[in-house]
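Below: a set of structures, written as structure tokens.
Presented sequentially are two complexes of chain A, the first with chain B as partner and the second with chain C.
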Partner chain A sequence: MNIWNLLLSAIVTTLLGFIIGVTYMGIRRKIVALAQNRYGPPIYQNFLDILKFWSKESNIYHGVMHHLAPLWMIAMAITILLIVPTQYGSKFFENLSFNGDLILILYLMPFGQLGMALGVGQTGNPNSAIGVTRGLSLLVGSEIPFIMALIAVMIQYHTTSVTDLVRIQQEHHTWIMFSSPFAFLAALCVLPAMFHAGPYEVIIAPAELASGPMSEFGGKYLGTMMSAGSIFMFAKLTLFVDVFMGGSTNWLWLIVKTFTVYLFVIAVGIIMPRLRTEQAIRRLWGWPLVFAILAFIQVALF
Partner chain B sequence: MNRAFNDRESQKILDIIKNFARKNSLFILAYGTGCGAIEIPPTITSRYDAERFGIRGAATPRQADVLLITGYLSVKTLKRVIRAYEQMQDPKYVMGFGSCTINGGMYWDSYNTIKQLDKYIPVDVYINGCMPRPEAVIAGFVKLQQLIQQGKALGWKHYKENLEWYRQNQQKVIKNWRMPDYNW
Partner chain C sequence: MNTLVVLLLILFGGGIIAYFAYNIHKIVGDIWLVLVGFAASIYYIGYLDVSQVLNIHLAGFVLTLALNSFSWIFGLLIAVLLPLVALYSIPYMKGQDRLGWFYMLFLFSVGGMYGILMAGDWLTLFIFWEIMTWSSYLIVIYRRSEDAPRVGLKYLIFSAIGAYSLLTAIVLIGANVHSLSISKFFEVLPMHSLGFKVLVGSLMLIGFGVKAAVMPLHVWAPDAYSTTPMNYTSMFSGALSKMGIYGIGLIVINLYYHSGISLAGEIVAWFGAITAVLATYYALIQKDAKRLMAWSSVAQLGYIVAGLGIGTKLSVFAGIYLAVLHGLFKANLFMAIGAVERQAGTTNFSELRALIRKMPWTFFSALISVIVLAGIPPLSGFVGKWMLYESMITSGHYVIVVFLFLASVAGFLYAFRFLFGVFLGQEEKEFEHVKEANPFMTVPMLLIALFLIVLGTFPGIMFKYIARSMADLGFYGVTYKMSVLTNDWGQSINMQYIAASLVIVFVLFLIVLTWVAYKNSRNVTTKDIHTSGEPPSEEDNYHFSENFYRPFQRAFAFVYKYAITPVYNEFARGIEDFFQYVRRLYTGNAQTYALYVLLFLAILFLIAKNIH
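Presenting the complex of A and B:
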């Protein structure tokens, strides 16, 4: 495969990920509005927000790391989107999926937040610093059950490659969520925390922290961060669908599956009130950890 | 280049697209100075739902597009308002609520409030009333959207060009003018 083909497929995948991710965010705002008995913004509202931020004419910046943090985030989001196999069996959308495995993805996932923490440190805003500490605490809270669930899956199927996991599910016509339900439950419980949505939105809490880590970012920086967040969200949804729900062979099926998972996140977010940091971590290290240990027991016994 | 930008006669396609995005995505920084702050919650929640127009609360000046001055401004608050306004990113707009921002309103002979807001920061849209109801607030937002689409909401540019005049006026009322150093 020549380099132009690779570049083209990378660009197409990124654009599709961006469009789908931003549309999901818009649908989420619409659903939240309907749940609150409002009419709500149009579904394409987030595109307008990003376009507006990109058409700002002044962009304040506080230093090199502040400048690099959004770039770091978007680079990490695109990298993960290219590593996660979006289309099983498609030569065009193969991207980097055969070079990276689950361990690499798990290693890359906190990079955005770490880059963010460095960038935020340079702004010197106390609200941002509090937001970052909360974010990193929640990261520790959600990563441990999630990684344990994925390790259980890796042991059970003797592979660390996401593509292999998708292949196994496609060939046996089953989903891992049925064959190892405890791992699925553990991952599902921490999913809202990984999206910083639902009860785990304490990081950006606008009313108490002035939107936390983002509070000193404006203009194009915020636009880039919103784009990065959308792409990263879609990449995480795709990873979840690949590992637990059998991946997909076309974009429509992928959209159906990822949106179903995202709908769960939205519903949890609408129903549950915001948790404090220590409550959130207690909750994340409660039942999800129990489910993850049960997943290990299931792997050991069967 | 700068003159051609947003100029009414030479509005390019890019400007039309940019202005469309700007007008349909207004992040508001509600500076709750006076009694008008109480009109903001009904405007943005279920009853009147300003999010239909893409109007959404922003938490910090850096992310905001519209600064709402909701009611009378005491001299002490004016200092903070100026600082918040200067931290916002261009293009930025200001809306003055109620008669207090137009001519002082019922505070016209007060010793520590300002009477005319647009002497100190440029105001794009005034909303009449004491206080304006949420319908009037939304009408004001629609008016602001029209101005943005036509490229007429240029208060931010006016402020930059006439900074000395504004500074003079600001320093006339704010006696202890000690602003920290910041870049905007």
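Presenting the complex of A and C:
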């Protein structure tokens, strides 16, 4: 593999991921506003926000871990975006997808969250720490049905690599969401929790509480974090599309598929009221777990 | 001279001399301790001849000392930890009395561990097992705290249960196989009946399981680990518990898998998985850093037992890797807790506040160890976790892997609890005087942390030894690469690319962010925070430490309802009642005793009459 080619494609992929992710967030704000009978900001508002954060002059410094926190996030987000296969069959956009192991991707996600949690911890803001404990508790809720769905798929197709899963789906012209419907349902149910959206937004509790992990970050830190967040969001959507919806062969198709999934997350978020942490965990261990067990039974029987 | 004996002489002789050296002066003793530590370590790694065998004929028994590649790797772990812990102990134990006694037992227990690893027959193993148990028991009760007698008794009772079942198994082997040699035993085993195999195996697993703290034999571990001085706990949890793992590895692989009862191995794996889940759940509600890490030890050992229990090539490989890794990072974590205890005077989460600025190096090594513990890439913990999960998925154990995954996700919770509770949060005036620990304490910790970082990207450094030890367990042709991990289905990951990607992005943005933000940076205290217009005053402290995972506890209330300790207590009370009843035989009346004698003679007469 050519190292320069890899670097170039990594930069292009990251930029595309950034642009798409931030646009999605803008669209989300617009849709939520329309649903609440507001006019809402323009779609490109989040670009302006990030630009504004980066041009802030003063900078609040709480210590080393606080300084490093956004970096863990962005390192994790970009690495996952490079590992998840974005384009099936494209030599240029191969990136690190030969490393596309599902367990690896699942374990990379806490890398950013841990860094963020440490940064939040050093600020000394109790509300932020409470947000982190909520986030970690929810992680237990969402991760278990999700990993069960993934394991069911892995065993069914005899591979642990998301790249292989995309290849199998493309070659057989099928989507895993049809061949293992229960695994798909389980993953779909926990999807809002993985985006900290929908009824599972107790971590950041937007709109009425000045709390949540982000509250002590401002200016460039928040700008970096927002960029990382949007890249990470797009990477997660791509992962979901790759595993269950056949991946894609070009960027347009990828955007259509990921946006459809994202619309689902937005819609659930608009409809459902927020849950308390323990309610959220119980709900995540309810139907999603049932679907996941059904997926296991399906794998065991067929 | 036989090199195995020399190593044992260094440790046992060194222990006895340490006793006198500390009675002369503390400095003499410290120098001697470090010398013994380094001598044993260097001798083990550099000069030990693995091919040597020593037979001692004693009272009709043949005691054999012989090392193999499987036991060698556990010895390597001890050899790495021993000099570092010895260095760490110098400032840690400053100001304590009876140091000679303490270090004599310390070196005896290390010698006992080496003896177990060298044992070529069950009797030798048992002798050294008891030496190790007794010296560690005396160290557990070394600190004359309020808790010590109770904790020590608990440890002793469970150790005794383990020792008796081990001894029963050895007697059974002696009676049926007519030889106590370990290798001979495994050779002739397939010829014996299923009942014999299961009985001996279960008894041995109880014996070894006590030291490996497998549920439900774990009850002693959280107390004993947290009561013992931290420099010994790092050996206790790091190395001594691995003796149990060593034994379980021997039994599960040789007795179960190589003689065709793989179901028993699966049951062992299930015990390990349930231990991992429940111990994790208990770890995250602990209010003390020591107890949290003690429970975490129990949980981590559960993973290792599960890996060995599955018994495929990759899972055993992962189990051994995790065993060595756990020895390193858990020793490091207990050292860090010891440093905090020494400098700040407490390890209670509700008292500790924000030590990160005061003890940055301790924080750094604790952070690295916690990342390894949580299994987050690109550090070495992930390598072990990956191999373990993939081995289970590829061999079709997909229910057990979900349990382990649950334990590991819940493990993030206590990992953050530990780091936040000790090092982060709001600063407090009370801890303003706290300084970084003595370099003798921080340097060993940093060395281990550095090794753990390197091992994440280049795990092949250790794979070399593990692959060799696998041959002794009957897994031939184990292949490995420096940084590429491969599962049984042929999928692989390359740790170098992952580490490179993470590090490059991290450093790139670090430079940019520091460059842009440096000029107008304003350093603020932990009191200068956003609190919705209610700035905290000087006396207020908004540190978050009580009911840390309350929502989680509420959601999983059904798990916390049950505990095994009341069951044991109930059992003990039952036994006590029984003996209260038996005691009534001793009435103190001479006539009753005369009646007993008469009855006994009558029974004897009846029996004698019926036996011709």
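Here, the second predicted complex is superposed on the first by the 296 of 302 C-alpha atoms of A that agree within 3 Å, B and C clash if a C-alpha of one lies under 4 Å from a C-alpha of the other, contacts with A are read in each partner's own complex, and residues count from 1 in each chain.
The criterion applied here is as follows: contacts are C-beta pairs under 8 Å (C-beta built on N, C-alpha and C of every residue); 3 or more make two chains touch, one makes a residue touch a chain.
Bear in mind that the values here come from a model prediction, so they are computed numbers and not experimental data.
**Student:** Considering only touches as defined above, state whether A:L51 meets chain B (first), chain C (second), both or neither.
**Tutor:** first
**Student:** After superposition on the shared chain, which partner residues are touched by A:S215: those of chain B (first), chain C (second), both, or neither?
**Tutor:** Touch partners of A:S215: chain B and chain C.
**Student:** In this superposition, which partner touches a larger number of chain A residues, chain B or chain C?
**Tutor:** C
**Student:** So, does A:P126 touch the first partner chain B, the second partner chain C, both, or neither?
**Tutor:** second
**Student:** First (chain B), second (chain C), both or neither: which does A:H172 touch?
**Tutor:** Touch status of A:H172: no partner.
**Student:** Tell me which partner A:I60 touches in the superposition: chain B (first), chain C (second), both or neither.
**Tutor:** A:I60 sits against chain B and chain C alike.
**Student:** In the superposed arrangement, does A:R38 touch chain B (first), chain C (second), both or neither?
**Tutor:** Only chain B is touched by A:R38; chain C is not.
**Student:** After overlaying the two complexes on chain A, where does the chain B footprint on chain A coincide with the chain C footprint?
**Tutor:** On chain A, the overlap between the chain B and chain C contacts is residues 57-60, 210, 215-216, 219.
**Student:** Would you mind writing out the residues of chain A in touch with chain B in their complex?
**Tutor:** 29, 33, 36-42, 45, 48-49, 51-52, 55-60, 206-207, 209-211, 214-219, 222
**Student:** Given the complex with chain A, which residues does chain B contribute to the contact?
**Tutor:** For this pair, the touching residues of chain B are 17-18, 20-22, 24-25, 45-46, 49, 51-52, 54, 56-63, 65, 87-91, 183-184.
**Student:** For chain C, which residues are in contact with chain A within the complex?
**Tutor:** Checking each residue of chain C against chain A gives 354, 356-357, 360, 367, 371, 374-377, 382, 385-386, 389-390, 393-394, 396, 398-399, 401-402, 405-406, 409-410, 412-413, 415-416, 419-420, 423-427, 487, 489, 491, 493-494, 497-498, 501-503, 505-506, 509-510, 513-514, 516-517, 520-527, 529-532, 542-544, 548-549, 551-552, 554-556.
**Student:** Would you mind writing out the residues of chain A in touch with chain C in their complex?
**Tutor:** 10, 54, 57-65, 67-68, 70-72, 74-76, 78-79, 82-83, 96, 98-99, 101, 103-104, 107-108, 110-111, 114, 117-118, 121-127, 129-130, 132-134, 136-137, 139-141, 143-144, 147-148, 151-152, 154-155, 158-161, 164, 210, 215-216, 219-221, 224, 276-278, 281-282, 296, 299
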